[in-house]
Amino acid sequence: MTEPVLEVSHLKKRFGALKATDDVSLTLMPNEIHALIGPNGAGKSTLIKQIAGGLRSDSGTVEFAGRDVTALGTVARARAGLGRTFQISSLAMEYTVLQNTVLGALGRDGHVMRFFQPVMKNRKLVDQGMAALTRVGMADLATKRTADLSHGQRRLLEVAVALTLEPKVFLMDEPMAGLGASGSKRLTGFLHTLRAEAPILLVEHDMDAVFALADRISVLVYGQIIATGSADEIRRDPLVREAYLGAEDAA
Amino acid sequence: MSLILLIEQVLNGIQFGVMLFLMAAGLTLIFGVMGLINLAHGSLYMVGAFAAAAVAGWTGSFALALIAALAAAAAAGALVELLVIRRLYDRDHLDQVLATFALILIFSEGTRYIFGSFPLFLDIPAALSGPVLLPGGILYPLYRLVIIAVGLLVAAGLFVLIAKTRIGIQIRAGEADREMIAALGVDISKLYTLVFALGAALAGLAGALVGAIQSVQVGMGEPVLILAFVVIVIGGIGSIKGALIGALLVGLTDTLGGALLPTLFATFMEPSSANTIGSAVASMAIYILMAGVLLFKPSGLFGAT
Amino acid sequence: MKIKSLIAAVSIAALGSGAAWADAHSSKVKVGMITTLSGGGAGLGIDVRDGFMLAAKGNENLELVIEDDQRKPDIAVQLADKLIQSEKVDVLTGIIWSNLAMAVVPAATAQGKFYLSPNAGPSALAGKGCSPLYFNVAWQNDAFNEAAGAWANENGIKKVFLMAPNYPAGQDMIAGFKRTYKGDVVEEVYTKLGQTDYAAEIAQMRASDADTIYFFLPGGMGISFMKQYAGSGVDKAVMGPAFSFDQGILGAIGDAALGVKNTSHWSKDIDNEANKKFVADFQAEYGRLPSLYAAQGYDTALLLQSAMGKADVKDAAAFQAALEEADFASVRGKFAFAPNHHPIQDIFMREVVKEGDVVTNKVIGVASPDHQDVYGAECKM
Amino acid sequence: MAREPLINIILFALFPVTAGVAMVLDEPFIITLMTKAAILALAGVGLNIALGLGGLVSFGHAAFFGIGGYAMGVLASHAQSYTPIMETPILIEGTKSMLVIWGVAVVAAALAALLIGVLSLRTTGVYFIMITLAFGQMLYYFAISWPAYGGEDGLSIYIRNDFPGLNTLDPIQFFAIAFTVLAAVLFIAGRLAKAPFGLALSAARQNPERVETVGVAPFRLRLVAFIISGAVTGLAGALFADLNRFVSPTMFSWQTSGEIMIFVILGGVGRLFGPVAGAALFILLEHVLGGLSDFWHVYLGLLLLLVVLFARGGLIGTLAGKETAHD
């Protein structure tokens, strides 16, 4: 067996009486797409934050590329190779689309403390930014102001910024939301090729995409993982059907 | 320093703190509910003091003067809210700082235009003047005890208002979520005007109470304003409880620092330089206190994180 | 516009009663007045200005340009630059505050302009920093305090409690008092500049065994202190330099100030012709009682005009000599310049009394006759 | 799109043109006013690096302005009285050299900004505004109470400091110095905004989470921005002290912080030339309104209010039309 790239063990997080994350363990193997699904309020976003470093866990560990990163913050984890996209777009809205990916390339490059040469004339960084935009099919939008993009376009830009980081692992929080059927389908195809570069931990509501892409699926309900397995296993799991579909019905 | 003197100084610190609380309560309420930094709060304090001095001059009645101070400050507050402040709620802090800074200029020079450049006369009523004998043989000015009592009453009133009344529920809801309260069918702009006027009235009350033992003059609001900001930042912005605790902390630090530090420095320095340096450090003490609190609690003692 | 209208006011009045100053010798002089007319402390500047204009009324040879320094040193410096560079004035005057004077006076005299101080008298300008072109028509900062110390010695004051704000003028005032006072200083307290609450200090006063409180707290600080002191029940005698008990301030303190002793070089009840005329004219012109600042502004204009009658301002040496003569009828009575161009004058002790409904001052004696400052020895000119 | 640069050029050219005309007309005071505007603009440019670019609403920049001023005051007063600043362990003498004074002012202000920044940047929002205010007030009271350098009275320097090859007391020559410094700092600040650092800093203002996610710590960016900002404002303070040949604690007061902030907002936050426009307008208003009435602060207040309420984006923003993207 190969070693997992990302290994989360016994993570816990409480907010007052609410157990947002209740003893969650999961792994992400090389070249794998591991989907995390669950009804609204199950604690997916909290878990992603804990893994990305934005939220301190009460207990448990996060190991990344064989290294315990539990004590590290967002910045250090990003530098170690965690590439994250956000559920609610988290971009520099005043910037152009290209400036956002150049920012990513700059972060990857690491030399932020340069004060004189215009960054948008730095061939290397601009090329990296453009390349990432081209890959998600946004090259023609490069000079557009980010605030003027549609929701779907912002999701794609999130992915493009993550690409510039050349991460060892992608953490993607609902990248398909707002894309529409055809956009969703294109991104699904793209993520499929992306797994060869780095495995993806994918939080997603679009079940078609999840079942088409995921090697393994974990189901999170009330902060607990109630099942992990292949698409077929999850479809058949009675617990999942009850908790998940039951919840869907209720909604 | 004798024990009696120490107790007297502690009382002075509490009195100063309670006075600051009257200022800070309005400021923190306005910030908590509307998210607004109001630098012109000191001007409302000044308006209260001038209104009180003017009415006391005409009628000779301190009670009428207090009522006039409350009314004038509340009216000025409501007016300012309707004309200016309500355009600032969805602006960033920067715009709020500049606009309310502009209001200070207008209020100060406007007051000078109306009342002239010389300080006004406002005295405490005869019934409240002079000292009283406290247990333990401490002689203490009655009026300062009255200020302490009024301040604590206002604090209690505010707690009840916020915890128990309909308005209080609306205020708390407004702090939590503006859209929520609008969805509940509350007229939010009316609520905001009301809260602003309430905060202004408190500042006006403080101005009138303090004006009777200090100088009623243009610009009297700004030093108090800065101190009130220190208070609410220490206490945690938006928290009435924080404002009370913060005010008492600042009051005690300032009073006891001024009284004790020079003596303390004199234990290891020659007296004359101990005096100057001690006084210098004492005048910085509350700012040091504030920086210290923020280092350990970046959102103040009772602030929401 | 404001400036122009003031100039006009002075010269239009001249048409009516010009005869009084139509002296054949009289030379033309352009005066720049920098004083505080807006913001806190504007009352003092307004009084100096009004006093000056009252004395200069009708003199068509005196052109006056008035500027507001807002009590900010940097503004004062820039206004001085403006008056010297653009308006090309011959004489500067008007500054109220020591720190503003320190910012303006050395540069102004270095550029060959006369400066007549109607209020501030920092020790540096009386001693090492003195200048042939600088004349102080008011007092050296220490004067009232030295006189108070001397008076205390002779009036059985044995133990004093001293208080002043913690800034140079405050420290100078206390030092001035201690220079002449021979009794015990039981406590010496420095408060924060601009402090408004004196409960802590009053508590210390109560606890001390001093028989007299001597304090210097200018402007609103003094008002706050006196009101709080009166309510505290501490019954020690109170004394201080005149600044906290001047006419503009007494109205705001009220009865709380009654009985307080304060030293001053002027009082409205000093018995001489010039003073009677001044007090009456000032009330007639402005409808209020004059303050000591108004008196100083008035004397400054009298001094200037006396020199104008003797010499041309363009001849600096002659004009300086004319100023040194101080040949004018001061509202204070006796007035002469010491070699360092600071006044030799009587410092009176006044007491705050009530005349009808008005709280005001009454002279009760001379605290220090022919008082002269101690810094003159360091002055080399 | 090209309107803002055009406005900038006109605005900038207005300084030397006005000063030149004033020289021809023999109105040295106008030159002095333009010098003052240039120096205050410089202070604003400094604040704008923290405020406009970094989103750090510092209400305590008077601290750096004052430190720069006192760097000049202390060095020049010791040189003036021929007394060394310290003799042990090493001899440090005062100086009348403007260049040395600038160096000391910049370094001292930068060190203070480092210290204040490390402590203040742990907080955000209103807390940041207030803690920077608190540090400014600390220095203000310190300067007032400390007797060694004049306390509240301040320090007078009788003659302006020296600049190689120039007569600094001549208004037009001193204007040239101040204006050149402003131009140089504007150039550097313009480059800074477009450099990698500026890109990341401005992104951290727009969305700190974004910057963290690409592996850059906003705290470091902000701290460095705060230091640069403080240093520039410190340099302005040294020049301002030299303009007046005088320093006093007023330079540390919270009103000074407020005024520097007004220059920035009046001109347009985050716009390179915003503080230049703001300072020029402020000086103009002070000069014109001050002559109209004793109560000119009322008009100033009303005008500021109108700008905030109705002219968002400040003077330059209003003149340049709709807000443009920072690129």
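Per-chain residue numbering starts at 1, and chain names A, B, C and D are given in the order in which the chains are listed.
Everything that follows uses one rule, which is that a contact is a pair of C-beta atoms (placed from the backbone, for glycine too) under 8 Å apart; a residue touches a chain by one contact, two chains touch by 3 or more.
Here the structure is a predicted model, which is why all the values come from computation and not from measurement.
Shared contact partners of chain A and chain D do not exist in this assembly. Shared contact partners of chain B and chain C, listed by label: D. Among the chains, the centre nearest to the mean of all shown protein C-alpha atoms is found for D.
With respect to chain A, maximal separation of chain centres occurs for C (centres as means of Cα atoms). The chain pair with the larger count of C-beta pairs in contact, out of C-D and B-D, is B-D. Chain geometry summary: the mean Cα position of chain A and that of chain B are 49 Å apart. Centre to centre, using the average C-alpha position, chain C and chain D are separated by 36 Å.
In this assembly, the C-alpha centroid of chain B lies 32 Å from the C-alpha centroid of chain D. Rounded to whole angstrom, the centroid-to-centroid distance between chain A and chain C, based on C-alpha atoms, equals 75 Å. Residue positions 38-39, 42, 166, 171, 192 of chain C are each in touch with at least two other chains.
Counting partners per residue, chain A has no residue that reaches two or more other chains.
In chain B, 108-109, 112, 276, 279-280, 283 are the positions where the chain touches two or more neighbouring chains simultaneously. Every pair of chains meeting the touch criterion is listed here: A-D, B-C, B-D, C-D.
Taken in their complex, chain C has these residues touching chain D: 1-3, 37-39, 42, 68, 72-74, 77-78, 81-82, 85-86, 98-99, 102-103, 106-107, 110, 122, 166-169, 171, 192-193.
Partner chain A is touched in their complex by these residues of chain D: 188, 191-192, 194-200, 202-203, 206-207, 209-217, 220-221, 224, 325-327.
Every residue of chain C that touches chain B in the complex is listed here, in rising order: 38-40, 42-43, 46, 166, 171, 188-192, 194, 196-197, 199-201, 203-204, 206-207, 219-221, 223-224, 227-228, 230-233, 248-249, 251-256.
The residues of chain D lying in touch with chain B in their complex are 51, 57, 59, 119, 122-127, 129-131, 133-135, 137-138, 141-142, 144-147, 254, 258, 261-262, 265, 269, 295-298, 300-305, 307-309, 312.
Residues 27-30, 32-33, 36, 141, 144-145, 147, 150-154, 156, 158-159, 171, 240, 244-246, 248, 250-251, 290-297 of chain D touch chain C in their complex.
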